[in-house]
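What follows is a single structure, and I will ask about it in a moment.
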Amino acid sequence: MSEIANVFLQIALIVLIALLFPCVYRVLIGPSPADRLQALETITTLLIGIIIVLAILQRSAFVIDVGMALAAFAFIATLAIARYLAEGRVF
Amino acid sequence: MRLSTFVFAVPMAVLWMGLTSRTTLESFGVGYLLSAAILLARPPRLRLNVARLPGQLWALFVYALILFRDIVLSGIDVARRVLSPDMRLKLGIITVPTGDTRKSPFVAALSADVITLTPGELVVEIEGDDTLYVHCLDAEASARTADQVQARRLALLLRIMGRETDE
Amino acid sequence: MIQIVCLIVLFSLAILTPLVARQVRSDRQGMFLSLVLMALFGAFLLQLPAVTSGTAEQFSAGWMPQIGLSFSFMLDGLSLLFALVITGVGAAVMLYAGYYFDKPEESTRFFALIMAFTGSMLALVMAGNLITLFIAWEGTSILSFLLIGFKGKDQEARRSASQALMITGGGGLALLAGLLLLGSAAGSYELADIAASGEALQMHPWIGAILILIFIGCFTKSAQFPFHFWLPNAMSAPSPASAFLHSATMVKAGVYLLARLQPTLGDLPLWTTALPVFGLVTLGFGALVALRQTDLKGMLAYSTISQLGALVALIGLPESHGIKAAMVGILAHALYKGTLFLVVGAVDHAAETRDIRILGGLRRTLPGFAWVTLIAGLSMAGMPPLFGFVSKELMIEAVIQQPIALAVMGVSAALTVTLALRLYLEVFILPPRETALPAHEAHHLPRGMVIGPGVLAAASIVAGIGIAPLITPLVEPAVGTDTRLYLFPPEGINQAFLMSMLALAVGAGVFAIRRVWLAWRLPTLITGPQVYRAAVSGVESFGDLLLRSQNGKIRNYLMVILLSVLILIALPILILDRGLPIPPILLTTAADVLKAVLLILSLLATAASILLDRHLLAALALGAAGYAIGGIFLLEPAPDVALVQFLVETLATVLIIVILARTSTEERKRAISTLWGGVSRRGVWRDAALSAAIGAAVTTFALAAVSSRQGRTTIADWHLANALPQVGVNDVVAGIITDFRGTDTVIEISVFGIAALGVLTLLARPVPGRTRILIRRRRRRSDTQLKDALQEDAETPELLLYRSRFTNPVTQLAASIILPIAVLIALGHILYAGAAPGDGFTAGVIIGLGIALWFVVYGYEDTKRRLPWLHPTPLIGFGLTLALVNALLPVLFGRAFLAFTPVNGIDIAEIKIASTTLFEIAICLAVFGGISTIMEAISHPRECEPL
Amino acid sequence: MPISEVVGLVFVGIGVFFSLVGVVGIIRLPDVYSRIHASGKVSTLGIIGLLVGAAFLLPDVTLKAFVLALLLVITSPVASHAIAAAAHRQGIAPVQAVRDDLSGKRTAIPPNM
Amino acid sequence: MNTLFALATGAMFAMGVFQLLRRDLIKAAMGFYILFTAINLLFLAVGAYDGVVPAYVNSDNTLDGQPSDPLVQALILTAIVISFGSYALLLGLIAVSSRRFRTVDSDEVDQLKG
Amino acid sequence: MTDTLLLGPIFIPLLGAAVGILLSREKTIQHAIGFAAGVLAWLCSIGVLAATLNGDLLTYRLGGWTPPYGIVLVGDLLSALFAVMATTVIAAGLLYALGCRDQSVSYPAFMPLFLCMGAGLNGALYTGDIFTLFVFIELMVIASVILVAISDNRLGLEAAIKYLFISAMGTLFLLIGIASLYATFGTLNMADIGRLLATGERPLLAQSAAVMLMCAFLLKSAVFPFHFWQPDFHTTAPTPVHAVLSSVVVKVGVYGLIRMMTLMFTAEAPLIQDLLVILGVIGICFGSLGALRTYDAKRLLAYSTFGQIGFILVGIGWGTAAALAGALVYAVNHAFIKSSLLMITGTVSSRKHNKSAKIADIGGLGKGMVLASGLYFLGGLSLAGVPPLNGFVSKVALVQGGIGTDEWVVFGLVVGAGMITLLYMTRTWQLIFQQPPADSLKTKPHGDSPLAPTLLIGLCIALGFFASPLLDVAARTVAQLGDPQVYIRAVLGG
């Protein structure tokens, strides 16, 4: 991979990292729990994005395996929380 | 043993190849066997017919393309709105009946998923397996086209499912 | 050999009596046992010639050489003298006791105890080893405790028993320390060796401590002032026990030990001062106090104390002046005091009181006892020609050179005369002094009851008259020198004789004016029991104070623990701080930036989880922190760990949400309102300071750890080099987990499995008859609304409450798509565990999450109905069994536990099949079972727990 | 620089761009429902862009990237819907709504935290 | 970077301890969880090397660069499983405690004293 | 071949637990398997002890990997002796459980949990790897927490929560210690660490590792000031569990302390020993007085354990060979005495409907229970160190070890504390078995079976009369511990 690509990807990574902070801001200010939950969901998604860029940078497919687990299963927690918010119970 | 078991095992086998990063025929075979075993243990509820299968697959392919186009287009649209100073929002929640006479939950679920997947539209509530309440960034535009879009969507979905519209 | 025989006989009797003799009348029991003791008495008597000539058999066998304990017994003059007293008095007491007890079950218990006691007492006096002696010593204390508390229903008896045990047992501990030090100083615990090393011992630096400890032991046992007070209280014991233990034998154990050690240590100044001082004080004190007692037994007890004091004082006299008198005194006292105790027991039986103020004129009902009392009383008073006279003469003679001792001895002798007169006259002859108190009509007693005391009283006469031929041979070997005993001084009337005559006269005089001194009101001094009780309650209040620290507040406990650790850990940090290198923080690559950001993010999220005063939000923050940590793992780069972290974090979030849902909002609100308001501001600062200090310590560790990375060799190098060649994996972490450290994994999944089982048992344990469907009243807030909303698709009333609007087509579709995908992913993790991130554990968590999704979407009832094949608990069991069988099978074939066994010849899609594959499957099943079990438990609708 | 790399980087750029758009939306948009739209964009277009880029830049992960995208397409709308439904059931009304078909069906369940 | 890591580990510990000392049992349980996370960070810190590639060996038993310490990773994995099991159990206990003692305030769960 | 015996005490119970979970519906089979596993484990541990008596060490390489790269089980005299103690009490506990009428014992999870607790305990004793030690301890802790939480005593839950929190502190200390050791020496094998510590200098991390490990072990043995959990946790446990917890599980910390001081931190040992004497003395005072004043007969025994551990620590702290041997003998004897006493108390209190052992409730409860009365009396005496029971032997052995240490105050205290033990044991005995029962006292006709405590008291008596073998083993153990190279060579070879 060329140096330019490397630099480009590093910048992409830093942008994605920077994007985490507005989401954290949203998590902190809310106002509704759903807002926070949604911001967290975004953070998770951004993490997946970061993982992908990282995989390219490190030339490592293993890293994507980890992102896969996040993509497939992180929403379960979101679902549980959402249901709790909606109904005051999970089950 | 249902046909659907062996058909659905194919995409799962592809999934398997992706999961294990091995794009060989051998790997596909292993994935297919494992997937078939899983599906045998828990057969899908969908019933398939050999004769209709090619049509269904074609419909799926077509719909995937359409969906991809919709996602990209509305994505660009939403990006423009979000980045513009006044955002030109016309927020609102509209009612979108699935239009499925059989009130199939499967149709409702797929419709809802597809709607939500499209930027600018979001299913907030599902009522009675046939009524979707959709939050839109541009409620007016969506309301205008909703019925028509849903009709097209339903038709494709039913074709994918192997059901005729009038059934 | 006789030692062993008699021990075997007595202890067998102790065990057998309660077993076989329940149907036998008590007097027959007594008679039999008396005969046994008489036989033993005879047997001991037959040893006399051998003992005198010093050829008596010694018995010694190894026991526990490591602690210097040998099973050794001897029989010398001193032992024999005591043995004869024990068996002789014992025989009389047994005879008496047979009549004393009405119920056979009481008497069998008594006889069992008394036989064991006799055995212990004999073992004590015959022991040839210090520790053996101590064992017997403690045995007598314990049996005394049981006998004093014989009437356990009586609170006073229990208290006295406990008190006596405390005093004698406490003294016993001192004695033990003394004896162990003594043995250690002498280099041997054998009495013979100790006797031989007298010189060396007297020079030993510990000898003072040794003596004091031994004195404490002996004084407590022999009721010396100020430890005397347990003895009067011990009178709760049945009278035969009092006669035997608390007069004739056990209380003389201290005297015995002193006499035993006197030849070895008797020359020490401490010995010749402490013993006379304590002995004389006890002598005078006992004699004085005895007079004013109202309880007959109390009188006898104090009189006994007084006599014991005399004996101790005599043994403490320098140059063995008093030994002869002590030996004779032991004999004489055993005979007359034993008699008197038995009499008192009879009086108690007959008149149902022991109060001397009420008693009187019993001569008519108990004529035999009156005679017996007269004889024993006179012997006690020192009236010639009775044995007591000889004893008193010898005592006075022994101290004749020492004015103070002589004075005490004389006064006590006079007071003893008074006591004897009171006992005889006021009980048997004179009418009751205070008729105001209710008088009891005395009834007659069985005739045989008088035999025992009668024999003892007769012995007092016989021994007195036949003193030279009968007693001299007994005492001589015990004293060790040429001993001449005489009834009347052959030289004529000497000082001692005059003294004792004077004592008789004075004693009679004091008795005559008894109305005067009985009416005196003496100032009440602090008594022993008061001191004892004060000591005990002082100890108790200190205990209460300590227990206040156990205040039930977990936070306090944790704080103390953390603070202690902090103090302990501060020491090495402060001592050893050689200046840690603190490298500057440089962020050179995007990955570094990312790591820094993730670290900060995780810290921020963690801080948020602390600061947020909503549980849900705190839980969300915690989840965010966990994900950030996962990212850090990923950057390490440790993809395996990151994967697990993400999955576990997801599960943990689901879990805590469910737990939040299951606890009542009111309770949670109440608890979280204490976050800042419930503790004082100072408390918050205190917690913060403690936390900061601990954080600082950990930072130091971490800095030290990361700064020592350069040039380190670790066993991980070997793992890196050997993972592929040895166990055929590319993923070294996987190799470590399943092979190099596979046992950790076996145990770890067991931990996980049982934790899940625990959650299930806790939350859903079936209580028979209490199973009921939970109507979630705690969510009453929204229930009615939900019910209305759900009306249209209600199936059954129960399901109605569980069917959520959340169970809609979208979530249902997701659940049914994700589960097979999860299984597929899990299979991928298992089959490619050695080649990619993921292993059996992640596979289990993934399927578990798939199941968790079902529970979230469908709830308990529906999930159970839709996934009928799901039996989580047996899955745990199956997984663990599989793992263990997989690990143990190689052992059966002579290979190592969990040995790596590849299956060769199968090469499909780079899947490597080996024993580890089975292991991964087992792990997956156990973990999946565990998670499903937890899910099932926390989604369980039944409220089974009895509140 | 080979062409595949250029194409890959372009897609990465697109992915980052849509992620940026999504996050801007999260900050700018006025209510929870509209913010969920933005969030959804990050997941769909942003990640898909990055994945396509990865497929070009790292050819062995092409299939993997496809699978990841597929998983995201399956799960992301479910999560978005669930959050929206939760907001709705908590009684949160859409702001600046030109139309609200659910206005009569909103029951106010106070947040239970 | 390592310094920052060490500092973060310490800070995480401190926050865990602070959280653990709260009266609210659920908060304390979160502290429990934070502490175990912090321990994992510490283990990462004691790893033998500053790794740049995952601890995966190639088919010819070579490495692409300095790998991260695989042993500490294995230890962390074990610790995660165990601490997660404990955490689940703790939460279960707290849920039952809420049912049985009607409180999740640890100061009110104090019947055992003396 | 004999090395394989090391697997038995760990993996047979674990397998029993696994099968037990699998067969959770078949209570009879489950209990039979559990008991059989306990007995087999006991036999194996005896085999291990027998094989190590001649001074050889047993080592088992799990997975066949060479130490220090893999995990190794080591049976030296110390671990073998402690394991025999543990398995004996566990087997007795299982026997008690078979005849126990507690609700909690009837839960399907009970037997597997009990076996896991035993497996964890034995594993902690046998393992030669410090991280595996942590894993085994966790197995033991988690199992015991659940067992206490499901106890019939409703406050078991409270105790379990508290213990889980406090035990987490111990786990943290242990993990920090392990991390520090790994950071310093790059190995987890205790023999290897010992070897490296013996050669090299001691950086900060090694020192702090010593402190952290010590704290962890002190916490596991409930030593002041880490003791708070113990009375609560032990008292509320179901009787068979309480018996195991209070007698052998607490000894894990003692074992760990001895191991770390004799194998690894030999240079730091004198410092640690001084601390142990102080903590031990505090424990003796606190435990004895607590036992005297507490309100529950079971709790009394728990406090007593607190005190008895103090005696053991003092013995270790005195540091002489004789004192250490005395401490070992004390530890073993205490296990049998305490477990039997607890079981008898359980037998008696099982006659009450609420199974309470509160002193206010149990006056006269034992009226007519002649066997229980005798057993309790003997056990109490033994606990107080009254001859000729085994408690006496331990006391003498310990006190002899203290002679010549110049710590006369401690020496006096150790001797004197026996008096308080005597006081509270006899008081309680009188209360339960002598005092007339209150009129309101209602008893059940049947309680728990007294078979297990009878056997244990028999063992106590036997060990009182025939203590030589135990004393001998203890002396050999101390001799073996005196040279850490023996252990290191046996594990690492060469």
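Note that the chains are named A, B, C, D, E and F in the order they appear, and that numbering of residues resets to 1 at the start of each chain.
By our rule, a contact is a pair of C-beta atoms (placed from the backbone, for glycine too) under 8 Å apart; a residue touches a chain by one contact, two chains touch by 3 or more.
For clarity, every value in this text was computed on a predicted model and none was experimentally measured.
Asks: Along touching chains only, what is the step distance from subunit A to subunit F?
Replies: The distance in steps between these two chains is 2.
Asks: So which chain ends up in the middle if you average the CA atoms?
Replies: F
Asks: Name the chain whose C-alpha centroid is most distant from the C-alpha centroid of subunit C.
Replies: Using the mean of the C-alpha atoms as each chain's centre, the farthest one from subunit C is B.
Asks: Report, in whole Å, the distance between the mean C-alpha point of subunit C and the mean C-alpha point of subunit F.
Replies: Comparing mean C-alpha positions, subunit F is 15 Å from subunit C.
Asks: Express in whole angstrom the distance between the two chain centres, defined as the mean CA positions of subunit B and subunit F.
Replies: 62
Asks: Roughly how far is subunit E from subunit F, going centre to centre by Cα mean, in whole Å?
Replies: Spacing between the chain centres: roughly 28 Å.
Asks: Averaging only over C-alpha atoms, locate the centres of subunit B and subunit C and give their separation in whole Å.
Replies: Roughly 74 Å, centre to centre.
Asks: Subunit E: which residues touch two or more other chains?
Replies: 20, 25, 28, 42, 45-46, 48, 53-54, 56, 71-72, 78, 82, 85-86, 89, 93-94, 96, 100, 106, 109-112, 114
Asks: Where in subunit C do residues touch two or more of the other chains?
Replies: In subunit C, residues 547, 550, 554, 558, 562, 615-617, 637, 639, 651, 660, 665, 698, 700-701, 705, 712, 714-716, 719, 741, 744, 748, 751, 754-755, 758, 762, 781-782, 805-806, 808, 810-811, 814, 818, 821, 825, 836, 938 touch at least two other chains, as defined above.
Asks: Residues touching two or more other chains, restricted to subunit F: which are they?
Replies: Expected reply: 131, 135, 138, 142, 145-146, 149, 157, 161-162, 165, 176, 179-180, 182-183, 186, 188, 231, 293-294.
Asks: Please output the residues of subunit C touching subunit B within their complex, sorted ascending.
Replies: Its residues touching subunit B are 792, 808-810, 812-813, 816, 819-821, 823-825, 827-828, 831-832, 836, 869, 908-911.
Asks: Which stretch or stretches of subunit F touch subunit E in the complex?
Replies: Spelled out, the residues of subunit F in touch with subunit E are 131, 135, 138, 142, 145-146, 149, 154-155, 157-162, 164-165, 168, 172, 175-176, 178-180, 182-183, 186, 188, 231-232, 235-236, 293-295.
Asks: State the interface residues of subunit C toward subunit D in the complex, per the touch definition above.
Replies: Against subunit D, the touching part of subunit C is residues 614-617, 660, 665, 781-782, 785, 789, 805-806, 808, 810-811, 814, 817-818, 821.
Asks: Give the list of subunit A residues in touch with subunit C in this complex.
Replies: Going by the criterion above, the answer is residues 9-11, 13-14, 17, 20, 24, 27-28, 33, 36-37, 40, 43-44, 47, 50-51, 54, 57-58, 60-63, 65-66, 68-70, 72-77, 79-91.
Asks: Any idea which subunit E residues touch subunit C in the complex?
Replies: 1-30, 33-34, 37-38, 40-42, 44-59, 61, 63, 67-74, 76-78, 80-82, 84-89, 91-96, 98-100, 102-107, 109-114
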